[in-house]
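Structures are listed in the sections that come next.
After this come two complexes, each holding chain A, first together with chain B and then together with chain C.
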Partner chain A sequence: MSPEPILRLEGVSKHFGEFTALDNINLEIDEGEFLTIVGPSGSGKTTLIRILVGIEELSEGKIWLRNNRIEEMPANQRPTCMVFQSLALFPHKSVGENIEFPLKLRKQKPDQRKSRALELLDLLHLPQSFYDKRINECSGGERQRVALARALAFDPEILFFDEPLSALDFRLRKNLEKELKDLHQRTGKTFVYITHSLEEAMVMSDRIAIMRSGRFEQIAIADEIYARPVSRFVAEFMGEVNLFSVSGDAGGNPVGTEIEIQVRNTSLGSSMKLSKGASATLMVRPETVHFLTGDETADFVVGGVLKAEYALGSRTQYKVEADNGDELAVEKLREDRFLGQVGDRVRLGWNAEHAHMISGG
Partner chain B sequence: MERQDQRIGLLSAVPMGAVLLISFLAPLMVIAIFSVMPQKVFSLLHLPDFSSYKLLFTQGYIKSVLWSFGMAMASTAILFVICWPLAFGMAKVFKGFGLFITIAVVITLFVSENIRLFGWVLTLMKGGLIEGHLRAWTGLTFEGALYNVPVIVFGLVYAYFPFMLFPLIQGIAMVPDDARQAAADLGASRRQIFFEVDLPLSAPGIVIGSLLSFVLAAGAMAESKLLGGQTVIVIADEIETAFTYGQNWPLGSALSVVLILIIGALSIFGINRVNLDLIMGGRRS
Partner chain C sequence: MKMSKSARIALSLYGVLAILFLYLPIISVGFASVSKARYLTFPIKRYATKWYGKAVESSTVQDLLWTSLSVALLVTIISMVVGFFGALAFARYQWLFRGIFQKLILLPIFFPQAVLGLALLMWFNALGIIPTWKTAVVAHLVWISPIATLIIAIRAYSFDPSLEEAARDMGASTWIVMKEITGPLLWPGVVAAGLFAFLLSWGNFPLSLFTTGADSTLPEWLYAKMVSGYSPLVPSVGILSIVTSIVLLLAGGIIMWLVRSHNGTASPR
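Let's turn to the complex of A and B:
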């Protein structure tokens, strides 16, 4: 039995005129979890988070925080807090004044406020000398930490993040992602993070919710979403993938509809079986596809021509053009990279345990 | 190369510099020198005495100075209170309607201030638009609303409305919506948002608007003459009288110098407190 959810959404919708930004959303967020909502721009994730903190009003639906309905409650009365995409630091206040802002609103004494602000600077690995710095003297990464410290000073029940890392350069972002995960563990707070970057989501989250056109497509742990996506959209959103349209033959075995796939029928489990005539999508991730040599074989085999080879550092990626012109991706660790030449005829194979059948076209 | 550029720059600035010097500084210098000349002379070739400045205190001119600045302060404060909500609406809320208000306010500036004030005289006087209608319809009557201090302040508020409104709009437009939302999210009430976010972040606009309307109101004369009758004599009125009927140029000059010094000091004080680059389109960070 899982614990009571800290936040529960029931039938939340948002319309802007004719446009439906959120379409009947249901969601439960557990106490202390790190949930990331991922979706392309325009999927409604920003609207959703703004409704959850109270900056935007919903059109229909109910929101419970623990046992209290909060959808009518204005932002300044909700015990939640958000780190904005722009960070929204106050440029006329010093770092210390920014962090103390929520405490000042609660009429805390200046010395109490200051000691809390210094604690938070420590927690976020900023030197205490930053207390008197101006915001415009801080770098992007430092501002990020100040915004986080300000949000933590508020001591929210749930901390929301609206893509705060998107403006930073790659290396800084990678560091802060890990720090954020670490911070989540240390504070034990419930974090809800939105991003369009799946990598960001995978690094940090306990659960990932994939959003598309105002609905959740799939909500699950990262590995589940990666290995067993419920739709083509999720599969493609979760990084490089090979997708094949298939339909069931008389024996219930998948047959490629656009590309010829040799299937070793005897070893297929029930998860790979299709009823006759039913169409589905067969998915396999590039790192589980092998180049077959000699008379090696696998559950699924496809022929093609090696088109290109890209070094990705620890891994090497290959593009193979199948006979119908489709491009397939294969990835190998650098130490077991394929020794063929571009232009060679190759056979690609993978086994059923690495494949996933997405029902529907 | 750089030094040469600098020389050419200086050289090409000479003509305009000379024009500015002659047209702005020279008259001020003349006024300053006249102010220390003996009474009722028309030449600068006398030994300076400071008799005009003594008159300032002995003949009650200081009262006019106080009236001018007092009414300027009152009208500026009232303007700020009236203009803030409108400016906020125009900067953040209204869309096309904001343009309509802008045009409506600007169009009033096309008509000379004196003519607009006469319009108010006709509206407010006994037998005018308001009192006349009231008497015709109800038989009740009153003495008209003219010839008192509040109506002068009203006139100042009316005349300098655009000079407060437009800088305020600029100032409020500089307050990022995110900062207001973040403040609310962190628990700030409307009042706290106003004092903690809106006010400090729109300070450049507030300072410019207040300075413009204060300086103009302190030097204004038409409102007190037309709407106020002779209820109070403002400093600008005294200066005009000294130069014309009074035929006492040194006295007029001394009064002008006092006005210029007070206004100048206030302006420098105000402008030093805000970053003007921000309102001119500069970036905050």
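Let's turn to the complex of A and C:
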């Protein structure tokens, strides 16, 4: 990736009356990157993307596209383009006319426009016969592709996406996520995508920015977000997770404040150490927790009763109730599934390299 | 829900009666227009079509037609233009006084037309304007352009604002957005509004009565002749007026159909 960011935000804020939708946002996006901004509804992600394409005005801050300040530039002069959540395909125009729209605005000749539109249909795996179709004759997935083709016809410096896949059914969405990632690699363009689904983000992106109440909580590669979240909020955002409130004992080892956690390894690495009395949250993902048998042991051990078992297809998920009543989640591949019965007393264990300490409560 | 046979018969009977109730009076006007007798009698003893011939030849009727048509066409064109922009303000743009505007603009629809006509006549007098068919155009517009605005606004409400945003995002100027996106999408609503405007103006009596001054429209003349000087010319002119409305409705329907089949269904998903 180039050292010079294609887009740079400095202190971007947006206020709606008393409400602060964006609070002093700083961000650098690299050329050719696939960045996904994830957040729950109301986190400000839609406001941010609308400011970046120029549909919405910012209250404070600066935005550079390469070396040009663009925050004052209206949307129709910015060399960026967005795929809208509703897709915003023009219902009174054919598929071909939709794709050619940005080219028509640039006064390209009709035959030139048409050959480009047909190329794009190919790129998006749509048959050329779609050129003359009406939008209402296309299925949900086909519309996605048309919307993408239209955005690519614009040939933007940065392509923005406002949750365009959210209305599709699960299978189609999964397929399109992968296609979008392929498309990103084939076109080499910079993609900025927003969604409320971290799973979607993980499939597609190079980097993920987690947004909460108008700020970025964490910006990192997908694996980092998954394994080493900076806060409980980020940890809980991605699927099932076990979080334990802990505080440091005299030896600097974490001790569960709610659930009794036995620390079997007294020479834990510094990442697992806590100064005496300091509180933190210990995180461990369900798939790294093991059922311990016999005198097997692990760095951390918790006892409990197996409460439920859910078959998820390739994996099986277990609910284990700890002695204080809290529930823990464990997930095993189908072939490694636990052979005990619901109601059995079990010992759960995990090792320090799979645990992550989130500082603060 | 399954209905018993008797309930179904009762329901069909009710339907037929309702339709008879709606159309029988109009049909009887048709009969009256082809009566040979000078006076309104029923049943009709001898039929004749001479009154239609007279209606077409009569210079009075031609004048009436011309006046009514001028008023209705002007009202149609103006209320389409006013309604288009009014609807954008009504439905599409967020602005400070939109709530008040939405209520005020619709209010004239609810005024009794006779009161509205009287009020306008008093104003024309106060301003020293002599009422002619042109003042009637203004009077009709006060009542009809809100209706046209409402019809177009319903259309404007139902389209996705991100269509305009997307066009802008791809480089379209305000004018291009209007020409390429907003205009074509609102067009069916504008045609429907124009149709309504014409029909409402063409058939309007109370507003015309107060505001046409020495000029006279078809409905005014029909009323005057019913009061004194009846001949089957009256119903035959009435029927001609209805036929004009129907022809226009059909033309409008065909235009809408053409627009729709060209646009796919331009209606939103």
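As a convention for this text, the second predicted complex is superposed on the first by the 357 of 361 C-alpha atoms of A that agree within 3 Å, B and C clash if a C-alpha of one lies under 4 Å from a C-alpha of the other, contacts with A are read in each partner's own complex, and residues count from 1 in each chain.
Quick note on the criterion: a contact is a pair of C-beta atoms (placed from the backbone, for glycine too) under 8 Å apart; a residue touches a chain by one contact, two chains touch by 3 or more.
The structure displayed is predicted, hence computed values, not measured ones.
Following the overlay on chain A, a clash is recorded for the pair chain B and chain C. Contact with both chain B and chain C is seen for A:55 once the two complexes are overlaid on the shared chain.
In the superposition on chain A, A:278 makes contact with neither chain B nor chain C. Looking at the shared chain after the overlay, A:105 reaches both chain B and chain C.
Of the two partner chains placed around the shared chain by superposition, chain B and chain C are both touched by A:88. When both complexes are aligned on chain A by C-alpha atoms, chain A residues 53-55, 74-77, 80-82, 84, 86, 88, 90-92, 101-102, 105-106, 135-136, 150, 154 touch chain B in the first and chain C in the second.
If you check the complex, the residues on chain A that touch chain B are 53-55, 74-77, 80-82, 84, 86, 88-92, 101-102, 105-106, 135-136, 150-151, 154. Those residues of chain A whose C-beta lies close enough to touch chain C in the complex are 53-55, 74-78, 80-82, 84-86, 88, 90-92, 101-102, 105-106, 134-137, 150, 154. Residues of chain C touching chain A in their complex: 160, 162-163, 165-173, 176, 180-181, 184-185, 262-269.
On the chain B side of its complex with chain A, the touching residues are 176, 178-179, 181-189, 192, 196-197, 200-201, 284-285.
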